[in-house]
Amino acid sequence: MENITNLWLSSGANQMAFGQFAMMLVCLGLLFLAIRKNFEPLLLVPIGFGGILANIPGANLAVPAVEAAIYAGDAGVLSQLAQALGLGAFESVDGLKAALENAPAAAHERAAQVAADAGYNNGMLYNFYSVAIASGVAPLVIFMGVGAMTDFGPLLANPRTLFLGAAAQFGIFATVLGAVGMSAMGIMDFSIADAAAIGIIGGADGPTAIYVSSLLAPDLLGAIAVAAYSYMALVPLIQPPIMRALTTEQERRIEMVQLRPVSKREKIVFPLVLLILVALFLPDAAPLLGMFCFGNLMRECGVVSRLSDTAQNALINITTIFLGLSVGSKLAADKFLDPKTLGILALGIVAFAIGTAAGVLMAKLLNALSKNKINPLIGSAGVSAVPMAARVSNKLGLEANPHNFLLMHAMGPNVAGVIGSAVAAGVMITMVRAMTG
Amino acid sequence: MENITNLWLSSGANQMAFGQFAMMLVCLGLLFLAIRKNFEPLLLVPIGFGGILANIPGANLAVPAVEAAIYAGDAGVLSQLAQALGLGAFESVDGLKAALENAPAAAHERAAQVAADAGYNNGMLYNFYSVAIASGVAPLVIFMGVGAMTDFGPLLANPRTLFLGAAAQFGIFATVLGAVGMSAMGIMDFSIADAAAIGIIGGADGPTAIYVSSLLAPDLLGAIAVAAYSYMALVPLIQPPIMRALTTEQERRIEMVQLRPVSKREKIVFPLVLLILVALFLPDAAPLLGMFCFGNLMRECGVVSRLSDTAQNALINITTIFLGLSVGSKLAADKFLDPKTLGILALGIVAFAIGTAAGVLMAKLLNALSKNKINPLIGSAGVSAVPMAARVSNKLGLEANPHNFLLMHAMGPNVAGVIGSAVAAGVMITMVRAMTG
Amino acid sequence: MENITNLWLSSGANQMAFGQFAMMLVCLGLLFLAIRKNFEPLLLVPIGFGGILANIPGANLAVPAVEAAIYAGDAGVLSQLAQALGLGAFESVDGLKAALENAPAAAHERAAQVAADAGYNNGMLYNFYSVAIASGVAPLVIFMGVGAMTDFGPLLANPRTLFLGAAAQFGIFATVLGAVGMSAMGIMDFSIADAAAIGIIGGADGPTAIYVSSLLAPDLLGAIAVAAYSYMALVPLIQPPIMRALTTEQERRIEMVQLRPVSKREKIVFPLVLLILVALFLPDAAPLLGMFCFGNLMRECGVVSRLSDTAQNALINITTIFLGLSVGSKLAADKFLDPKTLGILALGIVAFAIGTAAGVLMAKLLNALSKNKINPLIGSAGVSAVPMAARVSNKLGLEANPHNFLLMHAMGPNVAGVIGSAVAAGVMITMVRAMTG
Amino acid sequence: MQESLIQQGLDITLFGMGIVFTFLLVLVICTTIMSRVITRFFPEAEPIIAAAPVSSATAGGAGDARLKKIIKAAIEQHRNKRR
Amino acid sequence: MQESLIQQGLDITLFGMGIVFTFLLVLVICTTIMSRVITRFFPEAEPIIAAAPVSSATAGGAGDARLKKIIKAAIEQHRNKRR
Amino acid sequence: MQESLIQQGLDITLFGMGIVFTFLLVLVICTTIMSRVITRFFPEAEPIIAAAPVSSATAGGAGDARLKKIIKAAIEQHRNKRR
């Protein structure tokens, strides 16, 4: 009899809190968008599935052994944990969790040893998160793979388009301002680190967003990643109205001269030039841009094609599976169902919109300064969201002028946007650390 | 001169105990079965090879640094270890090893630090085991890959076959009873956790068996994995006599109606339905069935085929190599050459036989209750052992009736058996933990 | 204003020490050799790139959190670190680093906890190094892949060529003598462990060299790996003059009888024979040769081709990427720009030359003892450097006699050289540990 | 203690088999409902037949077959014209 | 504190955008110089056109096309001989 | 100390080379015995020639060759009939 009671007590249905139920519906919604509407499925399928797993009541898949021990609520273990964390005695679960969060590394380890001795293990998703994201490795490996898939040819043929990629990063910083503004007005309670991590959504670059928020605001990582990937999928809806509003029919019809051929040598040397500039001026962007340049050098150098193939296929796929599940672990109800999430979702779409506008306006500015006209529609591609944003530019160009193929021209600002947001990420990490350190 | 002596003392021939020699022969036998007789070679080749490596005298490949330090026998190090483990002074190697086994996590770490300071490293296979199996990740990743290879179409076309997969799990529980019975009679000394881990051999599912025994009875893992994979390879020999004995010629001739076509949407929704039921009722089965459903969703959803391909190829292959070598590390003579191993081998084959019989009998029961007859030969496929058991059903069906193609019909209970044993695994993990608390 | 100052202080240009700048040039040189001159690009591209990353000033990519904390120079953290490492108070950065190097494991962990509490993380490349090389796993996995790519057919057809592979290892030991001689003369300051690690360059086998030096002389690993791979690429320049000097035109013209066909069974049994001999006589070579034999068995047994394919492709490529970057992390200026590096480079080329000569001379000795003549040009292939050295033998053979195809004959000593240097590695690890233990 | 071990084994067996059956019963019910709902309310445009995926080996064979058919047709056509 | 938070946000925005632009400006300059140097002093033997890699799918199609062409040619040749 | 370092180096060299040679000598002996035993007592049904594995590229070429042969044969056959 006791056994049946045990099983029922341990079964999910009994423990399912409303928040977890709601998060499961949210995650099913993400899966629907990914599978049916093709919203960045490579990431949103694992994220959504991981989110469901993280919200299974009683399974504790997304928490470390110590938290599992706390939830299990054995009186003896709780008092040992309280002692290990430097509390006099166990008073409340929330008090214990707060102590855990603020405990120094040595106390953390003592608590982990107590949990291990009591037979608790880390949850599967918690382990994935520790290895893949907390260590920083998964976003970097994906960035390496993206580098190995990136052709800098269009950018090298027309380096001016780097400015479009720079301008579109204004979306990032405007969002930082928005976030601190919300805090100042008392609507939200974002720290400067939170604000920086939210801003990076405007970079429209998944791995960069995950990397930055894992460093600056791990608690918000789930919401930030979901916002980043969802809005990237929504680029074909978000950008066109802004692009039409800011350009005249005349401007949208501008045909661009064909890109010059770019030699293999230029393509080999470019990632090294970029790397050296990063080394000289932006050491905090070195992990992201370093791995990106490494992937690109493997692609272009022509002598390590088997490594480049693996970086673009087996390695990036394996990493994506675990990265997605790990991000999903941050969709646990107690972290995600927070007013902050709504703020993040609202700020994220603003970031995309402002980035798009800034890119288009910069293109118009460049046209005002130079004879060699560029079609301002390619400015919006500067937000990155490779290659979706470039396709949007192409589509609007064709609408205005059926002979106007902008795709290759838009690839320049598009990859420039990847560099731009990695640079912005480096700057923000440095500055936030100096401010909070 | 001293150098030659050192080398000779450290050389294997000098240290080769009889047990290690015997285990090498056993492992060569496993390799012979795998390579020549095609006994589940994907697992038994790495397991057999890992077993040889684990038994190389003096190489300490399968033991942690602390044990290597103990075997090296330096007096100073031994006394430091004894202190670290809370013994007054070093008395005997066996006493030290016993203290190590029962030491709390903090003492374990102190001992590891003593060994590290004395220059000892963990053995290669020990590291593989820690990363791949002790963490639980390798069986789960393989289960994800199996999910990505599984077609639930036949099961969805005829959901009643799930009952066959349920019935065949009786092999698991009968074996648990057998194991505790042996203990009660004093023949063996199995704890309830041991009995549960041995029972899971009857699930005829390698990753599930390894996952459960890594949690409940790590010391028996080697024997359990070897028994599970060997008997899976022996399914074409074990099952037919039982199937013939329990069915009439008439029953074996039953032709089944062709399966209805199953829509893509059903296949996409099914893993989610299964996942949600697991979340509601069986949180302890969530890691296994969650990863299985995730793999299957990746397969069926059609939008992440590159992830699905990787899960079915590079990722599962890499994991299989390390899983196999890690299982092999548990074939070290001091663990494997134990009367318990004989008990495990004996109980394992009984588990397969009872599971087969239960599946067939359940099929006959379903026939007694319903007009829509099923061929009882497909009941035996409920033990899983995918796809071997389904092929056995097909072969016996063709013998009785040359127009009787049972393969697709048997795939339903076959994959149902995978679900069934994962459910049984979850139940047993919950109950054993509650009992041993 | 303060922010700009911060950024400038943190920027690379400000912190770029001369050594780091020099190392970047060296690494660009390695990349040039790899890409333009095809010098072992699969390794030298990642090594060179990793070396640039490791030398980015202020990025601390190649150092652990504790060192990053030391370089950051916060007074409070420094004094905490000094306490954690058992110093009375903080006196100097160099003193702290020296204390860190000599600290026992427990003090190391306390220091790591201080750094974690102060918000410092391990550098990316440091993490790669810890996981890939310090654990020993990456060289072993690569060796497994090499085993899966190796055809022992030519060796089995003519086992006598194993002696050529043995003789060529004299390069290793002559270099050990050279290194201790340099130390004795006061030119360099190599310990016996350093000398053994340097000697292994003469094995002309990358993973073996990295494995041995990660165990015996981790500080020299960067220089040793660079020397090993560079000289392997230079084999077509280093070997021919030596081979011509030691052979007569007559000898170079010797045509060899066609190799007998080797049966599949011999190929399957050979890795097991080798493994068992290793188990009996050389347990310290078991990790290297064990993984090598495992890879070869997977290749030849014919029943696990999907594992063998993965070992030869996805797995070895992934491992090569991280191994290369990790080796690059040891090209940090403060480790690499040391007089020892020059000594290593000088000794390395001597090792190759002596190994080549010893192989050729052994071939002539075998000819003197047997009627069945072999072409002494294949002796040089005994240094390994697969398959470059065998191609050199073939090329010189064709020069002397246009009908003289030595390639397959040279593959025998070539793979024998891999076995020979792994054996030498095992011997040296055992002996050095006994000497320094 | 031995008594209790057997008791534990019986407990695991009874509750275990019970839960396995119950869970799979619930799964049968949910699956059946799911299939009906999808078939009735969310049918796919064209019914998909659960065909075994054509392996690349088969595809190669198919290629050969197609090749032979093309050649046959070419020759046939040629003959017909000759008549 | 709130004052300071906004101040921090403004700092990040101003310096951040400034550095992004400055860095990319430097990159534009260096890239342009690099391209000119390579084009003038280290030109490649034959100019390489940035052609899209032919995917295996296309290659398969090409195979089919070649097959058809061969058969067509065979038949054509045959007809010609008949005349 | 210096003396001893050289002594250690000599030790490693002498014992090292000795063991490398001894080990490979034993390996030569065991390999030879193994080959003889297998060749005499466990011969394979058909002798396998150590042929280089046919790469897929070659296979593609073989396909082309087969294709040409089939077409040739078809045309040949056709011609013969015409005569």
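As written, the chain order gives the labels A, B, C, D, E and F, with residue 1 at the start of each chain.
Note that a residue touches a chain if its C-beta (ideal position, glycine included) is under 8 Å from a C-beta of that chain, and two chains touch if they have at least 3 such contacts.
Worth saying up front: this structure is predicted, and the values here are computed from it rather than measured.
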Furthest chain, CA centroid comparison against chain C: D
Chain whose Cα centroid lies at the greatest distance from that of chain F: A
For chain A paired with chain C, centre-to-centre distance based on mean C-alpha positions, whole Å: 38
Geometric centre distance via CA averages, chain D-chain B, whole Å: 25
Centre-of-Cα separation between chain F and chain A, whole angstrom: 49
Multi-partner residues of chain D (each touching 2 or more other chains): 11, 15, 19, 67, 71, 74, 78, 82
Residue numbers of chain B (touch at least two other chains): 3, 7, 281-282, 314, 427, 431
Contacting residues of chain A [partner chain E, same complex]: 151, 153, 155-156, 159-160, 162-163, 165-166, 169-170, 172-174, 176-177, 179-181, 183-184, 191-192, 195-196, 259, 261-266, 269-270, 273-274, 277, 281-282, 416, 419-420, 423-424, 427-428, 431-432, 435
For the chain A and chain C complex, residues of the former touching the latter: 104-106, 109, 135-137, 140, 144, 268, 272, 275-276, 278-284, 286-287, 290-291, 293-294, 297-298, 301-304, 306-307, 309-311, 314-315, 427, 430-431, 433-434, 437
Residues of chain F that touch chain C when the two form their complex: 2, 5-6, 8-13, 15-17, 19-21, 23-28, 30-32, 34-35, 38-39, 42-44, 47-50
Footprint of chain C on chain B - complex, ascending: 3, 6-7, 10-13, 15-16, 24, 28, 31, 34-35, 38, 41-42, 45-46, 49, 52-53, 55-59, 61, 110, 112-114, 116-117, 119, 121, 124, 127, 313-314, 317-318, 320-321, 325
